[in-house]
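Note that the chains take the letters A, B, C and D in the order they are written out, and that residue 1 is the start of every chain.
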């Protein structure tokens, strides 16, 4: 009886595995193993205790078993510990979880899941950034209309447009890396953070667990890891999500039949609309934009989780069970959709050119204004007024000149023609593209 | 490989059934049935078409089948229609979905699900309100400390406290009823809302479907029902959720061992803490508070769904697939937890009394202030200053009088003693309780 | 040193007056007056007390005076009461605020401000709805492209588009009316809601204040009015805000030079862009959309204000000082901008017609599909496939027929031509427009 | 007619100056100056242009003047440029703003304001962290009850509690430093980001402006700086805000008269409550918590600003005018309130001790459990069950032992007494405190 759309429709296999309930038992067993091994190494438990046994035992633990025990005990971590204990020798069983609080396990499992999930995201992000770099280079010199307010502006190039997304996606990557330093952290400090149950050995145990799990500890904690960077993580995911939304919006707009410059292509078999069979709807881009709304929403809940009571209250527990996996699954579905969208992308050079020509000189008014200022000695605002008046009164500068508008005093028809060539009004677009790509490569290269 | 906590942990069977994928096929079949029957009745399809067959056919349609078809067609509603068509006679198959757009089905299914889900919520809400009315009446006359800013204030009664929640919960009920009028609405108007595919018969068809499904239509729509009240619905659920959060917070605070007045009781077997075995943690109340954070978050996503493009874009689709079911499942888990919490609630009369006595006369300073104003002719602010000074300087009014504070000029020890009896300083508490209960009964009685 | 944009740029005079600090003193004085008059009428204060004096005294109270007193006393309401008291005769001064708690004043002032602010909103909403009704009627029969997913869909009429906004704006009106019943409520019940300070007279006093202020009381309260409907109010404002966002988005999109159907016009003098003098940017529509983001945000803070502690904590105070006025000022700026936008709106019939022609028959594929199903005996899905194949393979149905596509077996050129006339494929658009207008008139007429 | 609470009540002088409208003119003039100087240095404008003149001219520009011009021109930046131009020699006037787009100015001004505002925040944060370090050290060894779920847990020390806040506040500092690298960035790239108006000189001009303003440029931009880190900035502020909320909540809870351990003290003159004169309400802490709700809300609006259209649309403009200054002013009021709260904080050692004693051995159950496991050979879960049963059946372990509970088989009265000393069950608290302080010092020392 599945009720959540991630069970049957959204989310990749690899990302769902990280958040799968069965897999979670293994994450928990790994942490219990690391703790028990540390306890043994520091001599707090006898040498004939077998930490390794936990890693095998968990294979035999079933979700049903844990759930049945939880129903009885009213506590999910204790239920798991009991189930695990029942599968190993008595001595090992006796020392599982010794001195730990549930959230030593839960929060360290979150950190392990964050690390694994982030690695999937980094991989997808790299693929996407690389693909966008390819597009930025391939279409580096192809002029197209810039658009501001939805109106025609001075020209850019197709590659320049992609280079901006390269930059923004690379920033999202960098941002996640920053968060990771704060949030992928070991929490192994007992019931209120003092490590009291381990006597003098707390820091030593923490150090060993840290080495086993290859994860640095928090400097200090309460019963739980601070939620500040949990919120930071969800915020950073939602920023990435919103950058993808921006790209998807770009495609959705440029796919309009009136514009038709950069289009989400469709396969022949796909049904566009149940009732309007001709429609080639940008459904993948629309899905990406839609999911961004979910991603933005989820940030709020985690921000509210920061102010927990004293050494903690439990209100983060139920909310995070929903917020965290859904945040990662949502971003995952978006990333996979981005890759699909980039594959399907149709860049229609002809339409791009045609629209640029349709705009004519009107979108190069800025250039004329600067020209009049620098070469004809007009003040910038006077030039601005003249051009504006010409366009508003006659619809185009060409026409205004013909009918003898004042502008003609400063501008010949030939000058106008030269100024109206978009290919020579692209500024430093190529060096800026290179700079953006360089930045992106440096950012994603840090991971190699 | 379940990844969503509502698959195994949260959510009642009845509420999950409403949002179950398999059940959704039946909702869809019901709408297709209603449409086909209407088409037949108005004479747009031949008389030997069999609408009833759809209701049987859907029993044979499997999720896997629909998903396989969707993979091929890239469109979920068309996939369902094809699957359904394959199970009925050729003629009936031919006319299924005729003239409808996918969102005639999808949005009408949402409305059907809203209606069913709201009915579950109303039922729970009634149970909770009735239980709270019982508590308000049972403890109507038991004085307890009022608390503002977490500090001791003048007394209320236990029943008065519950009566406030009766009022707030009944308001949540009334609010949902208001929203229902706007959101449980038929959407049967075709691809852009004009009913064009049905020629002159559109309004007649809509009327018949409306009668079959017992649901009034929107006055006008685009391709989709307006999302305004979808957002209103989620906002209203999150308000209800936050009122429950307020009650849960009340219990969590009053369960503190230092206060211990109204406590979430525990069963003997339940494990309080894996490492602190003595703990009787208010975990049910904490769950309710935790889920409220999720509920509040989800509102945002749906608010963003209101500004769809023109006759619609698809960005509401992916987001609503997540937002809507999770919003209802979250509130459902809270409601069920509220019922459980109310059953487990321990009202500790002794502690309530003891704390009231500990507060002594300090929390009745207001009364003394009024007394001095009305009976001794002091200005209100002068009285306020005198009392404040007495308390701040000597810790209690009694003590201040003993050491000869100026207050003694206006107040004898005997007067003080009389004024310090909380039972005679409860104002119109009983009539207010009755008024709140009356209001609540009227609100929930509207449904009977 | 103004720091808030509403001080110099946004917000109308009438709405700003409601939230003006100086005006707020008058609202407070009005409530103190009503209370004192009620106290006198029930005989709790002597007959020679002069409630009317308060209404005159407040004219002499300066903000500076109150702020100076607040600095001393650390309490804003007490500061105001002292300032007011200093302006009246000793006896009257003595009884001001008697038995009231600060929030009897604060919450009743909120309710008075809500009522006044809502009346401004209703007025603007009516104006906007009426203007939209005019447009819906004026352009009732002018066909235009429907658009879904940003792609061409079957036709609507310009009037039909406006009628949808008429409906959605009227729903926003109706929704606010529903909230008003719950949120514009008197709160006059003392320190914890029991009315204790007024002995047996509490309900009688409340009734008299209620009559004076023409405002019904809450059935019961704590120290404060329940925050549930404060949140509901902000949510409802943000829904209205988002509906306006939807309209603004419509205009921004249709103002694109490639579409240019419904355009935000500009005055000759207005500067479009500092550097691109030709630009006619839809800046008013963009402002409306921008402010909707603020409006949606503010809901969250008020949702968090619902779960206050016990008989109240103070955390709603600082947050509401920001959230509530800014929510109303934001919606006000949007409403005024909507009126301006509607005045400036250019409906370009020629472009509307041209785009419809450009779309040709492609957007009427639905109609052909239905025709083939009802008149030529094809199954709906077969018809769907044939048409889809024709369009995807040949770009248009006309061309497919010419080159001998299978579709030609069922469809002649002449039939195609007849089917391709958008004016005869508008369904029940006119009756639906009427129905929407009727609904809207009924809703806004309730106020007359 | 002030309507915004930051005009008269909240916000420090230094922070308000950053967001003051008059001051903003100076920021704008500074950017225009830097640009004009760069233009001159690269030889795009004649050598007898005087950039310095702009810095003097702005002193003469009045807000009224700019607003009047804006009313005429409908464009705020052009209005400012005109006003500025009117105050300098003709030649200089002619070249102001040459080749720039409005958002070269607006976004660089934002960056300058961010830098100045962040510096104020860093200063406050350092003060707060240092004060908290002092408290952590002063009360390092004073045992107090740990509290989880609001229930008594094993002991911590007062200093340990503060050290956790030291850590969380230092993390907030570190996080802001990370964001600063991405958001305090120069945007000087013209109308669509290509620098076209400056021909080949774009990058050179950008470099010079960058040196003058001491601010690195974005690698690439559209017409505007990417909004990703604007959202990141507001999210990071709201996380800091929520950490302060957590501290304020700590104080509010511990100020409850039943607990009374760490209290917000009051001055003698301050009025606690207008009607309950005895109240010593933690109003500063409540204000901090209240403002956090606002801070969390504002994040959403800026997240929505990320997906702008193409090379930009204007919807970020109106929303950021509200969101950004209010976000900074809110955090500023919180920071100043935190400093005040820390000054007023009363740490009541006696009550801390008394409550610890009241808890008796019950909160050390964990320790007994570990002891039984490690020293008496019981399995951890068996020990857990025994203790739980003892407490639930007899209320305390001491009593259970007395009446012959099974626990007595493993635990003598003397052992119990030794185990029940909280001072010997504090684990590595002191080293953890040191570690947290060390981390914090390193973080805030980076700025020296």
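One rule holds in what follows: a contact is a pair of C-beta atoms (placed from the backbone, for glycine too) under 8 Å apart; a residue touches a chain by one contact, two chains touch by 3 or more.
Note that the coordinates shown come from a computational prediction; the quantities given were computed from them, not determined experimentally.
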- Could you run down the chains that neighbour chain C and chain D together? A, B
- Contact-pair count is greater, between B-C and A-C, for B-C
- Task: Compute the distance, rounded to whole Å, between the mean C-alpha positions of chain B and chain C.
- Result: 24
- So, in whole Å, the Cα centroid of chain A is separated from that of chain C by 33
- Query: Residue numbers in chain C touching 2 or more other chains?
  - Reply: 78, 81, 97, 99, 148-150, 153-154, 190-191, 197, 252-253, 271-276, 281, 283, 286, 289, 296, 299-300, 304, 313-314, 366, 384
- chain C residues touching chain D - in the complex, by the definition given at the top: 1-11, 16-17, 19-22, 63, 67, 72-75, 77-78, 81, 97, 99-102, 190-191, 197, 252, 266-267, 269-276, 281, 283, 286-287, 289-291, 293-294, 296-301, 304-305, 313-319, 321-323, 325-326, 329-330
- Item | Interfacial residue positions of chain D with respect to chain B in the complex | 148-154, 252-253, 255-259, 268, 271-283, 286, 300, 304, 355, 359, 362-363, 365-366, 369, 384-385, 387-389, 391-392
- Of all residues in chain A, those that touch chain D in their complex: 44-45, 78, 81-82, 85, 90, 93-99, 146-150, 153-156, 160-161, 163-164, 167-168, 171-172, 174-175, 178, 182, 189-200, 202-203, 218-223, 226, 228-229, 231-232, 235-236, 238-239, 242-243, 245-246, 248-250, 253, 289, 292, 296, 299-300, 303-304, 306-314, 366-367, 370, 373-374, 377-381, 384, 425-429, 431-433, 435-436, 438-439
